[in-house]
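Provided herewith is a single structure, encoded as structure tokens, for subsequent inquiry.
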Amino acid sequence: MVTAPARTQPGGSRLLTDQFSIQLRDLYKYFGETPAVNGVSLDVRDGEFLTLLGPSGCGKTTTLRMIGGFEHPTSGAIYISGQEMGDRPPYRRPVNTVFQNYALFPHMTVGQNVAYGLEMAGVPRAERQQRVTQALEMVRLPHVENRKPSELSGGQQQRVALARALVNRPSVLLLDEPLGALDLKLRKAMQLELKQLNREVGATFVYVTHDQEEALTMSDRIAVMNEGQILQLGSPEEIYERPRTRFVADFIGQTNFLDVTVRAVSGDTAEAELPGVGRLRVRRPAEGPASGPAALAIRPEKIALLEDLPGGAPANWNQFTGRLDEIVYVGTFTHYLAVLPQGQTVTVHRQNRAVGEAEHRVGDELTLVFDPAVAALLVD
Amino acid sequence: MTARPDGTLVAETVPPAAIPVRQRARKRRSPWLGLASALVFAFLYAPLLVVVLYSFSATKVNAWPIKGYTLDWYRELIADRDIHQAVQLSIFVGLCAATIAVVLGTLTAFALDRYDFRAKQAIRFFVVLPIVLPGIVTGVAMLAFFTLIGWPLSRWTIIIAHATFCVTLVLNNVVARLGQIPRSLTEASADLGASPRQTFWRVTFPLVRPAIIAGAILAFTLSFDEVVVTFFLTGREKTLPLLIWGRLRQGISPEINAAATVIILVSLVGVFVSNRLSKSSTFGR
Amino acid sequence: MAAPAVTLPTSGAPGRTARPAAALLAAPLAWMTFFYLIPLGLLLLHAFWSVDYLTVNRTFTLDNVRTVISNPLYPTVLGRTLMIAIAVTITDIILAFPIAFYIAKRATKHRELLLMLVVFPLWSSYLVRAFAWKTILGTNGILNSFLLWTGVVDQPVSAFLYTKTAMYITFSQVWLPFMILPLYTIIDRMPDSLLEASSDLGSNWFQTFRRVVLPLSLPGILAGSLSVFSLTMGDYITPSLIGGSPGTELIGGIIADQFGIANNWPLGAALILPVLAIISIFLLIANRAGALGRGEPG
């Protein structure tokens, strides 16, 4: 059972602290009998870029839509800048949304689209015009004001959608997989731009995606979700380097999972027995298993070939052998698939530092080493 | 398209970029399909061609081959006061019926699209009835009803009847269009601070307007051509189709061919206009 | 973790209740009830009333129903109308398929134009189109002239006009667009990959048609058939122009007469009962197959 990060907040009052721009308290959302969001509590810091990351169906979009006011929670509370939102409709919330498929109004020009929110807020015409121009410049799209959205490319429409949301100077910007429809190159460029915009305008960004790379690149913090719950909340580095559950380790990046048995535990380290190999020294996170069978998670790039370490491996590193079963060349790395004595397999990413490194062939015996700190015992 | 089983109810349309461009099958095509289609088209258009052709025939009998050509029938048509009055009445009836149908049909469409209620399916079925049941049933049922409540048959009874079956046409058009509007557009409007009323007038209504107009044109045309229902409900005045029917039953009159040719020309403009409207009604992004 | 007590509506977006729907529906429902449902009910009541000279006697009787069943004329005419309606429906399905398929799957450039060409005949007077067949099929008509010219016959054949065949041809042509449109809509939605997959799997075009296209087209066929069938069952205009020789009366004409010159409304209403029954069965089947409310025009 995983619960939201334990922050001691005086929950239940109508006004929470305004140091956080969004606070979710025990959010539940049921569609009929099915829970879409199953107990989410979360504090989003002012000005932070927070990503809700998870596979489709994990409740991330529903959570975002509840913040935006498009869905009402079955129970729980949402505070924005300390104010409880309750039943407040979307048009009375200090947030703006960038929709998955942009949702630009097809019958209005780009300028009219961007001006729409200002018009609704009763901003005088002259100021409106000025702010629209500014907003379009900010997303580096001047001179398209009089065009229809359908005349723009996908990337341009994306920028218009951003401008339309940001022109209102919302304290919170919600982004629902906004880059999903763009091609890879454009997506990379937009990722950087979004990050810059987040710093420039100072608004809190809540970003929803199922793309782990996108999440790692842009976020200050990531909340990994599955089955309507937040499994882990932390900086990209924490999430990647110290996943707390097997799901998180598996979903973010690539991970080897080895079936081991825990033999001894002392503090945050443990000894685990890998069948056919012997005892390995590994890290044990606070909520990791203390005895019995467990999963040992280790990233492929954290395992090295002994021959690649000029001075040999440090004394406390683990060492074992495996038979090379498959070689996949992928450019920056070569992926080695090694079979361990009892048939478990492990993938090793070996950096291609120089041309003409020692060649290996399928069937070769490899000596593999890793630092105990990079391998974590997780509940299976 | 990203399937979103995480409970979101948004039906998003995928921007073109996300849809792989499919080449239509370039493989060898059998010519038979095209040929068969051409023959069916010929069958569909033969009568129209005959009507246009004979409207210029110099003889009063529609015999083949045509002996000579004349514009006399058009001259007669221009001078025919009965036809003028009938055309005026038909236009009046068509405009009134289309207007009522647009109001009722659009209201129903919005209700069916926006709200979930239990009777939805029943209402949908019920509103389709007037065009699914034969016109003669509608005609005699209304005749019996108007007689019972003592409303004299007049142009107004015709208008009521026409409006009743035209509601369905408008409804179908508008419902289809509303279904195409991604919910994210109205959500975006609300997100940008527009109240539901503002969202309706600034986003939803402008987007369905082409469908409403197309429905109105369709309603008008059907009313303009209607004879099966009208026959039972007409008072002293005759609509154009009733007048034509009467003349056709009396005998062959090339003047009717001329009138029909004019109707064909006018419909051509109507089809063109409504086609342009429905073309502008796709959500290309 | 147990789910908390459900305190808010569990589905739908905010504010989606039945009350505003009722407000929007008030006028349309009132109109349809007053001008359609009540008249329809009244009509059905008429079937169980009788006529005294010129006035309707509102005491319950089954006389008219009995007449409709026992007088051999009515079952005969009803059967004839049913046969023609079925023949016309089947003919239109056969004629509509190639054209609907061609426009949906083959015509790329001229699709809009071809669709317009299908709809267009609907916009030009139905009466005039029906009447045009008289010119084609008449004694001095185009068909006879053509046959004489080619020497197939040496005297004009009068058998074309005023017959069941003439009505059958006319109905088939006049209602054809009502079949093409729903068929086109549904074929257009069939993914090309499906058809290609079938031919990839080694089916010839006929197998593809029978095993893939036809079953998937069923809702469209039903929607179109319902229109064509219903329009034919109730028509009295075409028989008045194209039919006319003995043994060509259709039920629509007889019903119209009861409400017109014969002035026997109760009998007319009773004659409508079997027509309504037949169409209701059709309607239920079509509704089950989801063929209704697809935007079939007319």
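Labels for the chains are A, B and C, by order of writing; each one numbers its residues from 1.
The rule is simple: contacts are C-beta pairs under 8 Å (C-beta built on N, C-alpha and C of every residue); 3 or more make two chains touch, one makes a residue touch a chain.
Predicted model only: the values in this text are computed from it and were never measured.
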| item | value |
| --- | --- |
| Most remote chain, CA-based centroid, reference being chain B | A |
| Leader among chain pairs (count of C-beta contacts) | B-C |
| Length of the line joining the C-alpha centres of chain A and chain C, rounded to whole Å | 57 |
| Approximate Å spacing (C-alpha centroids) for the pair chain B, chain C | 16 |
| Whole-Å separation of chain centres (CA-atom averages), chain A against chain B | 52 |
| Contacts with two or more other chains, residues of chain C listed in rising order | 11, 13, 15 |
| Residue list for chain A, restricted to those that touch at least two other chains | 31, 69-71, 89 |
| Chain B residues touching chain A - in the complex, by the definition given at the top | 2-8, 10, 12-15, 17-18, 182, 184-185, 187-195, 198, 202-203, 206-207, 283-285 |
| Partner chain B, residues of chain A touching it in the complex | 29, 31, 34, 36-37, 56-62, 65, 68-71, 89-91, 95-97, 99-107, 116-117, 120-121, 149-150, 153-154, 157, 164-165, 168, 177, 180-183 |
| Chain C residues touching chain B - in the complex, by the definition given at the top | 11-13, 15-18, 20-21, 24-25, 27-29, 31-32, 35-40, 42-43, 46, 95-96, 98-99, 101-103, 106, 108, 112, 116-136, 138, 140-142, 144-146, 173, 176-177, 192, 196, 205, 226-227, 230-231, 233-237, 240-241, 252, 255-256, 259, 265, 268-269, 272, 275-276, 279, 283, 287, 292-298 |
| In the complex with chain C, residue positions of chain B that touch it | 9, 22, 24-25, 29-30, 33-34, 36-37, 40-41, 43-48, 50-51, 54, 61-65, 100, 103-105, 107-108, 110-111, 114-117, 123-145, 148, 160-161, 163-164, 167, 169, 172-173, 175-176, 196, 218, 221-222, 225, 227-228, 231-232, 241, 244-245, 248-249, 252, 256-257, 259-260, 263-264, 267-268, 270-272, 275, 279 |
